[in-house]
Amino acid sequence: MSFGPHLLLATLEGLVTSAVLALMALGLSLVFGVMRVVNVAHGEFFMLGAVVAWWVASIVGGHPAVGFLAALVVSPLVVAAVAFAAERLVLRRLSYEPEATIVATIGLLYIIQQLALTFYGPEARPVEAPFSIRVTLPWFGYSGYKLFVIAVAALLVVATWLMLTRTRAGLLMRATQYDRETAQAFAIPVDRVYAGVFALGAGLAAIAAVLIVPIQQAHYLMGLDPLLLSFIVVIIGGLGSLRGTVLAAVLIGLSDGIISVFFSPTLAKMLATLLVALVLVFRPQGLFGTAPR
Amino acid sequence: MRTDGLARIVALHLGLVLLLLALNWLLPEYHRGVFSRILVLAVFAMGYNVMFGYTGLLSLGHAMFFAAGLYGAGLTVYHLGWPAPAGFAAGLAAGLALALAVGVLALRTTGVAFMIVTLMFAQVIYLLTLYFTTYTRGEEGLVLAPEDRFIALPGAVLDPTDPSTRYLLALALFAAALAATVAIVRAPFGRTLVAIRENEERMRMLGYDVFANKLAAVAVSGVLCAAAGAAYALLFGYVGAGFASIQYSILPLLWVLLGGAATTLGPIVGTLAMFYVVDVTSGYTSAYLLVVGLALILLILYFPRGLVGTLRERWLPWLP
Amino acid sequence: MTDIGSKGARRAGGLTRRGALKGMGAAAGLALGPGFVRYAQAQSSEPIRIGFQAHRTGIGAAYGRWYERVTEAAVARINEEGGINGRPVEIVVEDDGTDPARGAEVVEKFANQHKTDIVYGTLFSHVVTGSAPAAGELKMPYYVVSEGYHVASGRLNRWVVQPGITDVRSQVTSVAPWISGNLGKKVTMIYPDYAFGHDHRDFFEPAIAAQGGEVIAKVPIPPTESSFTRYFPQIPSETEVIYHVMVGPAVLTFVKEMGDFFGSGGPALFGFIDSLEAVALSSPGLEFLEGSHFWEGMARYAQPDMPDYERAYREAVGIDDSGASLDDPKDVSTAAHMFGCWETLYVIKAAMEMADYKGPDDRAKVIEATEAMSGFDAGINHPQGAKRFNGKLHQCFGHQNISLVENSALKVVHRTSIEDGLYEPEADYTAQPF
Amino acid sequence: MAAVTPLLSTRGLSRSFGGLRAVDEVDFDLPAGEIRAIIGPNGAGKTTFVGLICGRLAPSAGRVVFDGRDITGMPAHRRVRAGIAYTFQITSVFARLSAFDNVALSVQRRLLDAGAGRPGRARLEAGVDRALARVGLAGHAATLAGNLSYGHQRLLEVAMGLALEPRLLILDEPTQGLSDGEIAAFIALVREIAEDATVLLIEHNMHVVMELAGRITVMESGRILAEGEPAAIRADPAVQQAYLGG
């Protein structure tokens, strides 16, 4: 294939990665920004979202779009409920101490993974896409659903953004993020805000999973790689900076796609990882963050 | 720390080593084999503890140091035909070089960024072992022939495939690492590291080169972990990319937390406890990860200082 | 790659033949000594314990579950027929977590804790490679069902045997003539960028060249990849055949994305069913595989001309005509590989009986008995078909199936001969001492 | 003689944060052996100024000379080892270490710098005991620093500075939060310290300043407003305007 179309394809693929990554990383970033909790189980919320989506879709039946839409509603709610419970039962009791929460979320990771293996099984199972249109370009064909994913994810990112900036709940979250003590002094129920943020973060991961599962199947080990990528995105974007997170997701997604045009894939992964690590080393506040207070 | 208790400390650690020595003849065969592995992995955990427990540097990439030792020893023995002791030395050298390189870069960051940077460097090392599959055979890994693992001493040849010899070699490594940790913890260097963990800025204003001391901690940690990796390759004969994967970066963190961070005995206790939790529960249910996960959460909720840490906090304040 | 293999071979060849293969007569003579007979009678009701190293968790869990089911079925049948040497067979299962380090620990546990007579099992080649040193040191016969080339390469040791499934090198070699004769000569290979994929790469290239074909492009894919479309532009437009082999949970994505990319107008496809083991061919997105071909070790779908013993085998392991579980039609089996468990257990039975196995002291004799075998006839004990066994390589060689995807089912269109898959041996384990 | 080669001097020393010039071209000389107080209203740039001297902050412009050597580019920890000790405005002892260990960190630093490899335990303990005794904490060696009273923590902080045996000891608001009795003892302590070391003191408590300081430097808006004997400063109308009574 000649260079131009190849680049176009890599860009499209990169955008799909970016779209899903943006949603997922937004959840991680929100949790980190507001609660200062590094949620290692975030990838498992993603996986759980995909598994629940499969389960909903296989119960609903009928036209694939019906199952898909049902999953899009039910799955984030279920996952958010699980996260809410985990926050109340475990994280809150640890006073959100950074090291303790890392260990606790590692524990959570094992538990969710094992439960998925036991009750869902080791197979990779697909959810049927709500529609199957193959967009035919002169050089190659492309999945219409993937274009749909890019659009929906972009919409959802904007919606989340509006929620955080325009609604009272969003205001409470941002106030808590800015200064916990002051927020408490202003009678903001910090405790409930934390639980809400953790649930919302997990819900975002679940939505990302529902969008991706018609492309990538639900599997109980699917959480790890998106988790690593989301971490990278959150850090590169500047910890807790939502705008930075979205920009970084686009940057990482696109570069992941485009670097592979020029290098052998394993080498490309290696170089990309090294590059991101070095960015962090020399600009630890992230590309878009400001220097730490 | 003032009430010296040196005699007590030496007695405790020496007693443990002697007990482990006696176990070579007391343990049933299976458990002796298990202990051989645990002693080596405990050295990995001890290396991790130097950085995480004493210096307060939470790394999520320590698999790379273990892998540096594993491959440093494994590749030189397998491809270059080096004798086992030279391979072991190569493993240590690889660990030291990597630790210095990673330390110089990663120590420019702190907190969460440090965690992620170490994780990413480890990912690069993991991908390297896959990229050079021609030499490493990647995931599948290499098997070192028994005769290549023999250690020729003047007048004797140690055969690490013999269970007793292997146990004693593992114990020797463990004892050396334990002695090194105790010495470091009680030396000015150890006090310096702990104080850096507590308040870096204050240490700077007491005239300490914080960066150099942290780098030294990373180097010590890297060499200990590499020693464990090199010993693993030579004692058990298998070298594979799995040991460089993220799972092996998380394991030492769990072992140390379970046993007790910043305690000299925490790593061995944690490694031992974790292994037997998995080993025993996997006999009853394949859902042993659930048990591990629950154990972790309960532990962090109710015993956040780990087993030895809780012991020290409640009853034995003199434990180093 | 070849230098690693030849090193193993050189090392094996360089050893003395001290303690090497004794004839079966000698072994049988020993077993018939008066002391042994009494011992045998005293022990006759004691079960033979076989340690089964299983992928219950980890990336291999989908395979592991079916390996376990087939193992249970085979052992039930063996016990119904009177066990091994009149002794019942007992399976002890331990999870290896699809992790090489745990694999080695499990082998030790079998030997020293469970005191099993032998160890058998497992698929993923890194677990086999990681466990092999432990088996060798414990002098524990280790029968694997892994299809990796690790055994035949000579890299492992005398205690590791693979008598129930053909290795990758042989599989790859045997399908090359059919591909060049039926699909095309210009081949692009897509494979995972690690040892398993490299075996395909290294052995298929000479095999297709020997048929006058050519590998015109190689597209390695990193093991952590979950999306593949961006690699497809590397496929040259003059490609006649895409040879694809992927493993792990992302394979369905791979196949679907290939469909999106090429639509109906792409090159012919030849794949290894490893990609789609435990996955229903009716899964959404797989429609475009219609008309493409797959290697299958054993047919997943019941074939019209299927012999009775194959039918009996399928019934025993509990799969229906489309290769899914009789209890749950959504639970698709790993039919192309799992037969290896059944056949391996029958080889173990035969070897133990030939060696007149009495207890752990006879373990070496079991290996010697296996090495003395030269092949297996097709039948209920070997339902996948007849096999040749090379005792020096510790590896068997069987027929391979090439199947066409037709109406979301697999139809066997060609069965290779055993000779198609033979290659120049690189190792001789019998030269190693026990 | 001291006037000829001051122990510490700065020339054109400046530091800005964003647009704000916290320290603005300060020329400052401190002769050896003196007790010097720096006073000034909040935000005058006192803490920033001593931060530039001890190396916690890098200057935007200007030079710092210590004992005849230009130390402008020298990292903080090397300045400490050259003889500049700094005690923090906000108490920052190592709360989870014993008082002994807190001071031992200083003593071992000094012993290590004196060469001869690893400091012996006996010398270490002797050094710690002496420093703790000087500030009156001899009985608290084994107590965790975090469990000491606030006043004792301030004293421990000073002991840590003392144990470094510095040539210049910078005390940043040392008496903040101390009781009157503690302040009296503290004044005596600083006088005693001044026998071996030069002391630079940032202090708000004018009683302490007047008792201790040989000379006073008054800062305002990042600049030196006035400098002189306590009596002269007290009489200076500009100072009164800016600070003492405004």
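Every chain is named by a letter (A, B, C and D) in the order it is written, and numbering of its residues begins at 1.
To be clear about the criterion, contacts are C-beta pairs under 8 Å (C-beta built on N, C-alpha and C of every residue); 3 or more make two chains touch, one makes a residue touch a chain.
Computed from a prediction, not measured in an experiment: that's the story for all the values here.
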Exercise for the section: Would you pick out the chains that touch chain A and also touch chain D? Expected result: B
Completion exercise
Chain with Cα centroid nearest the overall Cα mean is chain B
Completion exercise
Outermost chain relative to chain D, judged by CA means, is C
Problem - Where chain A and chain C are represented by their mean Cα positions, the distance between them in whole Å - result: 38
Exercise for the section: Determine the centre-to-centre distance between chain C and chain D, using the mean Cα coordinates as centres, and give it in whole Å. Expected result: 76
Exercise for the section: Report the inter-chain centroid distance for chain B and chain C in whole angstrom, where each centroid is the mean of the CA atoms. Expected result: 36
Problem - Centroid spacing, where centroids are CA-atom means, of chain A and chain B in whole angstrom - result: 33
Practice task
Among the residues of chain A, pick out those that touch two or more other chains and give their numbers.
Solution key: 114, 117, 266, 269
Exercise for the section: For chain C, jot down the residues that touch at least 2 other chains. Expected result: 57, 193, 222
Problem - chain B, residues touching no fewer than two other chains - result: 127, 130, 286, 288-289
Practice task
Name the graph shape formed by the protein chains and their touching pairs; answer line, ring, star, complete or other.
Solution key: other
Handout entry: Interchain contacts, given as pairs of chains that touch
Key = A-B, A-C, B-C, B-D
Handout entry: chain C residues within the chain A interface of the complex
Key = 57-59, 61-62, 64-65, 193, 220-222, 224-227, 229-235, 237, 249-253, 256-257, 260-263, 278-279, 283-285, 331-332
Handout entry: Contact footprint of chain C on chain A as seen in their complex
Key = 1, 5-6, 9-10, 12-14, 16-17, 64, 114, 117, 121-129, 132, 134, 136, 140-143, 146, 214-217, 219-222, 225, 257, 260-261, 264-266, 269
Fill in the blank from the handout: Listed in rising order, chain B residues that touch chain A in their complex are 58, 105-106, 108-113, 115-117, 119-121, 123-124, 127-128, 130-131, 246, 250, 253-254, 257, 286-290, 292-297, 299-301, 304
Handout entry: Interfacial residue positions of chain B with respect to chain C in the complex
Key = 28-30, 33-34, 37, 127, 130, 133-135, 137-146, 161, 163, 236-238, 240-243, 247, 279, 282-283, 286, 288-289
Fill in the blank from the handout: Given the complex, residues on chain B that touch chain D span 1-4, 187-188, 191-192, 194-195, 198-199, 201-210
